[in-house]
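Residue numbering begins at 1 within each chain, and the chains themselves are lettered A, B, C, D and E in the order written.
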Amino acid sequence: MAKIEFDGVWKRFPDGTEAVKDLNLQVDDGEFVILVGPSGCGKSTALRMVAGLETISEGKMVIGDRVVNDLSPGERDIAMVFQSYALYPHMSVGDNMGFALKMAKIPKNEIEERVNKAADILGLTEYLHRKPKALSGGQRQRVAMGRAIVRNPQAFLMDEPLSNLDAKLRVQMRAEIAALQNRLGVTTLYVTHDQIEAMTMGDRVAVLKLGELQQVDSPQALYDNPDNLFVAGFIGSPAMNLAEGTVDDVDGEIRVKLGTLSSLKVNDKALERYPGLRSRVGGKVAVGMRPEHFFRADGSTPQDQMMPERNVTMVELLGSEVLVHFGTSASPIITEDMRQAVDDPEAFAEMEREAREGGQQFVSKMEPQDAPKVGDRVDVGFRADQMHFFDIETGLALR
Amino acid sequence: TPGGDDDEAEGGEMVWAIGGSEAQVGGVHQTIAERWSEANPDNPIRIEILPEAADEQREQQALDLQAEAGGFDVLGVDVIWTGEYSENEWLESLEDIRGDIEAVTLPGPFETGIWGGELWAAPYNSNAGFLYYRTDLIDTPPTTWEELCQVAEEAGSAEGIAGFVGQGAQYEGFVVNWLEYYWGLGGELYNEDQSEVLFDVELATQATEFMADALSDCYAPGFNTSMEEEARNEFQGGNAVFMRNWPYAYSLIQEDTGSPANENFDIAPLPTFTGQGTISALGGFNNAVSAFSNNKEAAKEFVLWAATDPEVQATLATEASLPPTMASVYDDLADDPVMSLLGEVLSEAKPRPPAPQWNEISVTMQRALYPAYNGEGDPRSAAEEVLAFLEGTVGN
Amino acid sequence: MADTQIAPEPGTRAGAGPGGPRAAKRKGLSERALARVFVAPSVLLMALVALFPVIWAIVISLFLYTRRQQTGFGGLENYTDALTSGRFWDSVWFTFVFTVSSVTFEFLIGLGFALLMNQAFRGRGVTRAAILVPWVIPTVIAAQMWFFMFNVTPGFINNLLGLGNFNWLGQPGWPIFAVVFADVWKTAPFVALLLLAGLQTIPGDVYESARVDDAGMFQRFWFITMPLLKPAILVALLFRTVDALRVYDLPAVMTQGAFGTESLAILVREFVVRTPNPGFGAALSTLTFILVLGVGMIFVILLGRDLVIGTEGEE
Amino acid sequence: MSDTAPAPVEEVTRRGQARKNRRQGGVVEQRSTLQVWGKSALLGVILLWCLFPFFWLIMTSLKIGDRALNSPDLFQGPFGLQNYEAVFGQNFHLNLRNSFVVAGATTIICILVGSLTAYAIARLPLKRKILLLSGVLAVSLFPPVALVPPLYELWRNLGLLNTWEGLYIPYTAFTLPLTIFILMTFYASIPKDLEEAARVDGATPFQAFWRVILPLAAPGVFAAAIIIFVLSWNEFLLANTFAPRNPEIAQTVPVAIAAFTGAVPFQRPIGTITAACVIVTIPMIIIALIFQKRIVAGLTAGSVKG
Amino acid sequence: MAKIEFDGVWKRFPDGTEAVKDLNLQVDDGEFVILVGPSGCGKSTALRMVAGLETISEGKMVIGDRVVNDLSPGERDIAMVFQSYALYPHMSVGDNMGFALKMAKIPKNEIEERVNKAADILGLTEYLHRKPKALSGGQRQRVAMGRAIVRNPQAFLMDEPLSNLDAKLRVQMRAEIAALQNRLGVTTLYVTHDQIEAMTMGDRVAVLKLGELQQVDSPQALYDNPDNLFVAGFIGSPAMNLAEGTVDDVDGEIRVKLGTLSSLKVNDKALERYPGLRSRVGGKVAVGMRPEHFFRADGSTPQDQMMPERNVTMVELLGSEVLVHFGTSASPIITEDMRQAVDDPEAFAEMEREAREGGQQFVSKMEPQDAPKVGDRVDVGFRADQMHFFDIETGLALR
């Protein structure tokens, strides 16, 4: 077992792409760290650098207490689940899983035992003798998983290992991986796009954007206290609603005004978390509101905790909950930063248009029994203590 | 006499590097080698069989000799290599046994062993070209080339077959054929001791022009791509009236009872342009002693024996139809039609000059004259080209 | 596993400095060293066999000879002689024409064969072997055979096509055709084999994509197969070209170099074997070598661009 | 042109399925009888093209008698096995043995040594690869006839004349470039991820090569093996120089064939040559038949996503 | 545009695997149908049969009104996103996307336009000239997407097209796909493992299990009224809790008893949906309870609507909500059916053990503010109208 440390690590591809920029991240011995970030932000590259599959353009990579920059992958003693699986096509599923053990000269019967056990866990027992090409996509992914979990390495590197599994299996696998990691105490770096995995599996979550580390913290901390707009917008699904707000001081009570209509009270709890807000009175800030903190207002809801008569534009039934989209006159946030995070010129253009028109859609999560219909005008409440505030230019939280 | 460094190596087995069909097990060279070994158990001789093609034989000998490896004691050398080998100092001079050999050998073949006035190779077997003709189509063989061509065309077209086949492809055989026309016109290449060029552009042009004309008249289709075997196959298949070829074809046609030519052919000396006598190029192989041999004395004895022992020489003729070089043998072979004709032809046959440059000369002639007779070049300038080259060879 | 905090790498722990990270010592061979070890045997073997003779040949090409007798140092005289001789340029021209035409046809036919051999049908194995037959016949014999085929005597082709006594090998123009024809017959299977092997490397799912994208058979061939087959094509063309540039047996046996069919290799052999002039022969060899290598380099660079660059060390 | 989708043979042999499941993954393709006939006809033409001359060889080798052998008529007899008897009367089995040893050794060494080098060039970090490749290529490009005299000298000094080693060593050296180029393209076509997976699994670079890359390059390896074997089996120039005589020692088949002579000087031994040629071609056809089985598509199917 | 119809379609692979069994499914013209099912259940195979990439072993495949069994893929005019992407490795991203258009002989400038538009949508504009091998996994997947969406085919077939994208991008893409499908009205078959995609994107959802179609219905109907245990367990994440219950009739009130402790009231609403339950009084049935229908009981909760003093064994914080695992004495359901659905002998063995011991863990979803701590004993309420009932042997809903 060993810690993994990125010490000012850069990756430049021959064509000049900088996939990882000055990454500083320490994964402690036995820790389980989740790596998240938009597609193409350098997660796989970072993992591959740990594994020794990409040269390190600059900086130091440390595993245990060895600088491993020049060590070959085999010498690093890590197990990896490749995003592309990279199964050995000429070997049966069993041989694929046992290959690393065979290389480590583990006795045959022990190999068999460990492979069978892993196959059990992964539900691959009946496919042990098949070649990868006769497997379904998810089965292949499980084989890739199996190749890692039969081992007992210094570190696990897993690159979206569950992305092609069905929900049920994924739940099971999550539990298995967590249990395994717990039992072996193996340092683990885990890439995922699944918010649930990100929030539940790891000790800490590291958020990358365009090769740059944004924030590393425990999942809940990340969720509750995002360091900047990007993290705020990235963590959580559906994403946090972000809008331009004007800060007012009404009789010593700080309020934010979104667009033309609403003026919401910022309560003390929120002010405690964002003390920087006080100095912004009269100015504009970025306001973040998570969908699940909206609720269907009723008579008892104070006026300064709700946006009255919102026009419902879309209702998505998710079974256990409902996503209600409604219109606001709040201007969306447009920073260069956002622009990059959106990574999609057209969406950006639309946002700009919306900004000009001074209005955007908010998404709220409501109880199914509270669900309005499209076209309804509803009063939408918001929990005053749950607001987030960021500098509109730098995107940094107003702490 | 040669140096004494081989004294201690005196005795032991000798190696005779010779190729061709007769070198194979059961061939006459083997018989002769066995005969020698029986008689000389101290210095027996063994054959290293060289490949069939002359160029390959020469190449293999050259590798050994160039490396001064001494792997071969006796070398079967083509009559045209004498000069080259001696100039390379690969051969032991045979001057000390020259007299014994010269006394019994036909002059033509003997000359092929001489270079720079010295004897380097002992004559072993010889060869000369014949005119084969169809006795069922013509009565008497023509004596001049023009006549031959005319008869060939007439008889050929009457019969619906080709007139004349010979060696017309671009290779040494073509040079031989051309020389037979050129010599037949009275031309020469060099003077006696090869110090002066006697090449006659006029005659050479005539010879080439004759061939060029004949190509469209009496030569068989494919004459310009045919070698010995193509010629024989055409004649043997009944597709030609005349053929210029070596004696080997005789027995083959004779044995082929299904052939239209079988029973219906005969041989005659090659014609000339004057109708006088006959001229043929000489072929054959001589035996030389390697300068790197450890056993030169015995090797010399062997080549002398092979050249002068009547029994050996007779065996060549009787067992293998190889033309002997020893004059007297022909007297005993008078009732063999091939041998008797050979006896006649060989005395007038001309060796190609065994100069060191012969290969270059031959190549030059091929490259100049072959296109010329194929209408691809001017015969006169081709002849001039040859002359120029020949003149270059006497300077050094 | 040990319960130590520190990486339990036996043998490396002893040297672990307290606290701070340190550069780890390598164990075993680094990739770079291994690469050298992998390359070494081939290089040694090839150097052992080829280096000395090539250098020797290049050295003697600087000396003058009269037949086999060395007559002194000539510098580049042999080269200037060669480059100013019409015979040399004639053979370069023939070699060039031969190479371009034979390689073109070999490639087209070989590609066709490869595509056929890649099909699934009963008797595919036998067909594959049958297609290879021309190529496994020793060249000299094949050359002899094609001589028999084309020559007036015995005249198989004339017989077959009812051409009477058409003199394929004995009139200007046609001998080149005959030689090229024989070479195409003989070596198209070689190209086919290489391309067939190359076809196996093309992943099947790309074809599925292409089918869904409604690419027809020809379009799949042109837009998918050809580009993905490029490395194999380049290798096949490379070796066919350099071999064709050194063609010897076919013209030597079929025409003896007559009617402008003297190839560079025939010329070289002429001066090495038939009318030996080691210096001049070596100079001709070296020129041939440079020419062939030059052409070969074009392919190597094309190939290298595809395959090698990018895997090269990044420093 | 034909389609190039991978098509393993096994599926074809299941006759019932064959009609519907023509190719792997069972891509649907309509086949009219016209197409089937067209393809069969094409196949026929190709086989005729490839095999007619071979047929000529066989027919000629069975002919006896001088004139039959030289006749343009393939069916002109008389026929008999005398040519074959004659071939084996000349210790030809020893030539076959020599050729087998020499070609076999060349193939094995070439594949072993060449595989490693090709792998290094295709996948391992090396500087100046293009230069190395050019060097490798250059080795095989010098006109061999010009290399023969110095090599002969060298071999004589090393005592390699008339030995098997004396042949397969230079054969290996001169065939290695081709081997390296072929295999290099193959290794390059194998997804890099596989090898990376192997390295992460603790395989040394050599093990990764040996256990993962090489098996997947099988089509290339076997194609190369066929090529090397045939080239060294048929090599003439060096064999004829370094071991020109003595079947007991090292004379190979082509040299032996070239040494065949007619019954008399000048006569061309077509019968025995063709017979020998048929004899030596058959082992190679068998080898090609065996090796080609390994030239199959889709070896890397299912290994990587994306 | 055209309907897609599976008419008794079977797929048998050469090794005997039956990947699709007697599939009968009609996707109407312009309809958007989602295909879900456990890993390896035959989803991709079904899609590939529509595309013409797998032969149909038995049955009829109809597109539009043509039986396409023998048509080549090209003639079917469908666009497909492959699970394995199947990008053209030698073509740039732009060429990959434009290839189908090029094949269709669309003019160059139009191709360029359409490719640029798709690249915009997919955020690939700056990668248009790269080769696939220099892309990240998610970028490759987007290229695969792009290849399909530039076209205007009879049908879209999408095989987990968003599985490797981050949450944010996925939301965007979902919207784009939905909009595109709407705009073009293209019949679409869409495979996904993402519950949200399944629930929000399609008109109908088809559930496959081991090659057999289980149920096809609108997402909400599927969620609310699963036809059988398998669908009940499969749809919804976290999955529905399933336990053996004994049906009692207490004074005309139907109750179910789970394990030893609790006895829950089945209210009329539930009985309306599961009339078959009445006939099972005294017998055992399978009871299904969705996690989101639990709540933290307080004083006001009736006794017959809660399980008192449950031991909290795990708490997963998901940001917007909390998963609370608690112990029960309810026996899990073990049918052959279940066993197959679980597809994992070890998990099965554990379930059997639990069954013997008479107890299993339930998962509930609660508001973060209600979250207990691990080890707490809490009263867990359940909404009586939300119970599901199935035959314990056949697994069929007791309708």
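Just so it is clear, contacts are C-beta pairs under 8 Å (C-beta built on N, C-alpha and C of every residue); 3 or more make two chains touch, one makes a residue touch a chain.
All of these numbers come straight from a predicted model, not from anything done at the bench.
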{"item": "Which of D-E and B-C has more C-beta contact pairs", "value": "B-C"}
{"item": "Furthest chain, CA centroid comparison against subunit E", "value": "B"}
{"item": "Inter-chain centre distance, subunit A versus subunit C - centres from mean C-alpha coordinates, in Å", "value": "54"}
{"item": "Subunit D: positions in contact with at least two other chains", "value": "11, 25, 27, 70-71, 148-149, 204-205, 258, 298-301, 305-306"}
{"item": "Residue numbers of subunit C (touch at least two other chains)", "value": "28, 31, 153-155, 203, 205, 208, 211, 224, 273, 314"}
{"item": "For subunit B, residues contacting two or more additional chains", "value": "59, 66, 233"}
{"item": "Every chain pair meeting the contact rule", "value": "A-C, A-D, A-E, B-C, B-D, C-D, C-E, D-E"}
{"item": "Contact set on subunit C toward subunit D in their complex", "value": "28-29, 31-32, 34-36, 38-39, 41-43, 45-46, 48-50, 52-54, 56-57, 112-113, 115-116, 118-122, 124-142, 144-146, 149, 153-156, 158-159, 185, 189-190, 193-194, 196-205, 207-208, 211, 217-218, 220-221, 224-225, 231-232, 234-235, 238-239, 242, 246, 248, 264-265, 268-269, 272-273, 278, 281-282, 284-285, 288-289, 292-293, 296-297, 300-301, 303-304, 306-309, 311-314"}
{"item": "Complex contact set, residues of subunit D against subunit E", "value": "10-11, 14, 17, 20-21, 25-30, 305-306"}
{"item": "Residues of subunit C touching subunit B in the complex", "value": "66-69, 87, 151-155, 165, 167, 169-172, 255-259, 270, 273-276"}
{"item": "Subunit C-facing residues of subunit D, complex", "value": "1-9, 11-13, 18, 22-25, 27, 39, 42-43, 46-47, 49-51, 53-54, 56-57, 70-74, 113-114, 116-117, 119-127, 129-130, 132-143, 145-151, 154, 169-170, 172-174, 176-178, 180-182, 184-186, 188-190, 204-206, 219-220, 222-224, 226-227, 230, 233-234, 236, 253-254, 257-258, 273-274, 277, 280-281, 284-285, 288-289, 292-293, 295-301"}
{"item": "Touching residues on subunit A, where the partner in the complex is subunit C", "value": "1-2, 5, 14, 29, 55, 57, 60, 62-72, 75, 77, 152, 154, 184"}
